[in-house]
Amino acid sequence: MSKLTHFNEQGRAKMVDVSDKSETFRTAIAKSSIIVNELIHAQISEGSNKKGDVFAVAQVAAIMAAKQTSTIIPMCHPLPLTGIDVHFEWNIDAPTSHYEVSIKAEVKTKGLTGVEMEALTAASVAALTIYDMCKAAGKEMVIGPTYLQRKTGGKNGNFERIDS
Amino acid sequence: MSKLTHFNEQGRAKMVDVSDKSETFRTAIAKSSIIVNELIHAQISEGSNKKGDVFAVAQVAAIMAAKQTSTIIPMCHPLPLTGIDVHFEWNIDAPTSHYEVSIKAEVKTKGLTGVEMEALTAASVAALTIYDMCKAAGKEMVIGPTYLQRKTGGKNGNFERIDS
Amino acid sequence: MSKLTHFNEQGRAKMVDVSDKSETFRTAIAKSSIIVNELIHAQISEGSNKKGDVFAVAQVAAIMAAKQTSTIIPMCHPLPLTGIDVHFEWNIDAPTSHYEVSIKAEVKTKGLTGVEMEALTAASVAALTIYDMCKAAGKEMVIGPTYLQRKTGGKNGNFERIDS
Amino acid sequence: MSKLTHFNEQGRAKMVDVSDKSETFRTAIAKSSIIVNELIHAQISEGSNKKGDVFAVAQVAAIMAAKQTSTIIPMCHPLPLTGIDVHFEWNIDAPTSHYEVSIKAEVKTKGLTGVEMEALTAASVAALTIYDMCKAAGKEMVIGPTYLQRKTGGKNGNFERIDS
Amino acid sequence: MSKLTHFNEQGRAKMVDVSDKSETFRTAIAKSSIIVNELIHAQISEGSNKKGDVFAVAQVAAIMAAKQTSTIIPMCHPLPLTGIDVHFEWNIDAPTSHYEVSIKAEVKTKGLTGVEMEALTAASVAALTIYDMCKAAGKEMVIGPTYLQRKTGGKNGNFERIDS
Amino acid sequence: MSKLTHFNEQGRAKMVDVSDKSETFRTAIAKSSIIVNELIHAQISEGSNKKGDVFAVAQVAAIMAAKQTSTIIPMCHPLPLTGIDVHFEWNIDAPTSHYEVSIKAEVKTKGLTGVEMEALTAASVAALTIYDMCKAAGKEMVIGPTYLQRKTGGKNGNFERIDS
């Protein structure tokens, strides 16, 4: 069976040697989401329209986390990110009281390895930050699913998630 | 309508003043999960039984992230955590090729605020680390749902998630 | 002559021993400012009223920096901050084209040492973040003066700056 | 009116995409200062001449902060700095009891974006560190003005501050 | 056989639960050393006497590292350190060309766990910093032995190393 | 006498300007060790063979520390590391009750400066982590000697330690 690439011959984790890889332009888009209750939806919406913008804080947190990915995820290579952007969108079905924030994080670099983990970390931290700022109004929020939507660049080619 | 507590009178985010709160013993348990393919399941399982233990790396990452929560989540109070533990369990339905790692993170403190965010951050980072170490064998992994299972301590009392 | 307290008998810096101090409630307010040009004033103002809020980003940066003070300022004691808030105010004199953002950072703790440095660091980083986000429209911005406005708590009593 | 470049179409902050920029040699010089009282001047001077060197600590703090700029300033790109230096100079007018430390921070890189923020952060942190180490002898110290003196490199050309 | 305390029942690492421990005053002293060549000894000595003080930089690095111990050592509890001091001493035997810097780091806290790791980390980082600053004049320097000299406080009582 | 390169003309530390250096492939191997007692040897060995693997935690700590070297060692240049690996080996002489873990850390980069400090930091942190996880069973462990075994790449050529 093929072996996990992140382990050395002693069976212990290593940061994979990418010295031979070429520096190419790479992008990754990750998605996450958080389901909130009706009150939280109302509170966030009100703030987004003028002041008290929960998403503004989540955005900053996500961008700063993307830059810290290699210090959070142990075997991740440090990469000089060239661009990070995050988007929020409401996905609402009022009859069933479904209030969901859809989160999309996009990260770019010119580097030796891909930025999948940076995008996934940004999306996750955006969701966690929303949770933190709204938890006084209900702790039953649910984060995720969180997944990679797309990546481009690198030797192994592109990846595009097929939505089910 | 009640207002979000994390904003000041200018409508901008603040770290809520908890100077008046009492130091109490607090715990929180968060859960997450990651769905992997059959190959990744086989690779992780093989390693867990002897060497090349993916979960061992995820465990360390989760514990270190829990301690960094207040530097990752902007409005989180710094807390002197007194205990952190993480558990992994396989949830498998072979006929439908469902291979899922269930992640449970428990955090404890004696402090002025709860440790919900620390537990949620630990569980999220455990899942992200598993993704990172296995992504060479399939990038379609899905993380989450991630949620708070239980919290104890603090003025607002306990919280226990009702599983649906 | 009295000696600087931060040096040991070898004449090298130390983190002063505060083991004998009592944990008391402490606050500090620091002020800074940044002078911008007319265009930047217009751009920030437009954003503050709805979207693209420069101050929202500066606010988050200031709060996160306050929590990191003891990792930025070498001889600063680590403190479990209990509250951080930052305010922005325009101080404008249009005839002389004077556009100034006044920044006030307030930090609270229950701890062994004061939070002057945390407040000063927060105010400084707020100003630096505004500089960063506006520098494409003029690099001649000037930050400061930055100073301590007030502190309370601790053995040495309170401090209140006398405005000249 | 021209728009701030750091915001996306949702009006929220992003780390600007610099993937298309060229890697060039870049430098920036920032200046700050701190006004101290006569006693502090005497204490620092005595130490600078032999032991107990306040500036030596401020120097290390400034250099370490410059390297951390992209983790302190939210929308700053991470850059592999190639050189950092900091200088201190006394600017004294004894008759008016004016004791001022002039701080100059110079930062260099080969990278996609400029190092203005790194130089400004280094100069600010040098001043904050001096404040921290001397505050037992007087909390009325004033930091700044802090500003960019010069930058070179990059598409937009050089900048040189015109001293008033 | 007794088991390692840092592992849970799944055999994976945890941060040990110290919620039941009492907050007591604790100290630890660790020692390290670095053997340098004659040229490096001369260069450091010259600087220590006036300017270019290698030990001043190592001192700052050690103090900052002590405060970061729980982010560097995975299972270490975060502790609010109340005092950190580092001393350097030359141990020279000119006839055999033995030039050794003896390093002593002392750390104090009022907390739930001991500060052995903080003292050991401070001493190690002091030695590493000296290596870094002198390596242009000889890379054959040897760091250590590094060990705990003494600890006080805590349920398990004091420890004092018996010098051989 | 030749002067230390890390000081400016004011005699204070600087991060040396390497803007003129060429980006080359560089490697460094550092070694450290830790002497433990018989009980600790038995506990670690038991864990390494199946669960409770102390070395797995030390490995992760070492890799994460290598990536943080430029934030721990003040004058170190930030470098985009391309590979990190760590190995552990028992060196036992039972008759004399000598139980020693030999640690080897190897780091690679394509960069402007060498990775000696990254390798030395990784080896040191691996040893410190073993100390932390085993100290409940004996605090008399001794870390080191820690030294550079080999480096390749860069203008100054290779270095290979001659074992005595």
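Chains here go by letter, A, B, C, D, E and F, matching the order in which they are written, and residues are numbered from 1 within each.
Methods note: contacts are C-beta pairs under 8 Å (C-beta built on N, C-alpha and C of every residue); 3 or more make two chains touch, one makes a residue touch a chain.
Just so we're on the same page, UniProt names per chain: A, B, C, D, E, F = Cyclic pyranopterin monophosphate synthase.
Here the structure is a predicted model, which is why all the values come from computation and not from measurement.
**Student:** Please state whether D-E or A-D has more C-beta contact pairs across its interface.
**Tutor:** Of the two interfaces, D-E and A-D, more C-beta pairs touch across A-D.
**Student:** Please identify which of B-C, D-E or B-F repeats the interface of B-E; the criterion is that more than half of the contact pairs agree.
**Tutor:** Within B-C, D-E or B-F, the interface duplicating B-E belongs to B-C.
**Student:** To test your reading of the model: what rotation angle superimposes chain A on chain F by C-alpha positions, in degrees to the nearest 5?
**Tutor:** To bring chain A onto chain F, one rotates by 120 degrees.
**Student:** Looking at CA centres, what chain is most distant from chain D?
**Tutor:** B
**Student:** Find the chain most remote from chain A, comparing centres computed as mean CA coordinates.
**Tutor:** E
**Student:** Just give me the whole-number Å value for how far the CA centre of chain C lies from that of chain E.
**Tutor:** Each chain's C-alpha centroid was found; their separation is 32 Å.
**Student:** Between chain E and chain F, tell me the centre distance in angstrom, where each centre is the average of that chain's C-alpha atoms.
**Tutor:** Centres of chain E and chain F (C-alpha means) sit 15 Å apart.
**Student:** Could you check chain B for residues that touch two or more other chains and list them?
**Tutor:** 10, 12-13, 50, 53, 56-57, 60-61, 64, 68, 74-75, 80
**Student:** Please list each pair of chains that are touching.
**Tutor:** Touching chain pairs, listed by label, are A-B, A-C, A-D, A-F, B-C, B-E, B-F, C-D, C-E, D-E, D-F, E-F.
**Student:** Okay, in this complex, where on chain C does chain B touch?
**Tutor:** It comes out as residues 25, 53, 55-56, 59-60, 63-64, 66-68, 80-88, 108-110.
**Student:** Can you list the chain E residues touching chain F in their complex?
**Tutor:** 1-7, 10-13, 32, 39, 42-44, 46-47, 50-54, 56-57, 60-61, 64-65, 68, 72-76, 116-117, 120-121, 124-125, 127-129, 131-137, 139-148, 151, 159, 161
**Student:** Can you tell me which positions in chain D touch chain A when the two form their complex?
**Tutor:** Answer in residue numbers: 8, 10, 12-19, 21, 70-71, 74-75, 77-80, 111-112.
**Student:** Report the residues of chain B in contact with chain F in the complex, numbered from low to high.
**Tutor:** It is residues 49-50, 53, 56-57, 60-61, 64 of chain B that touch chain F.
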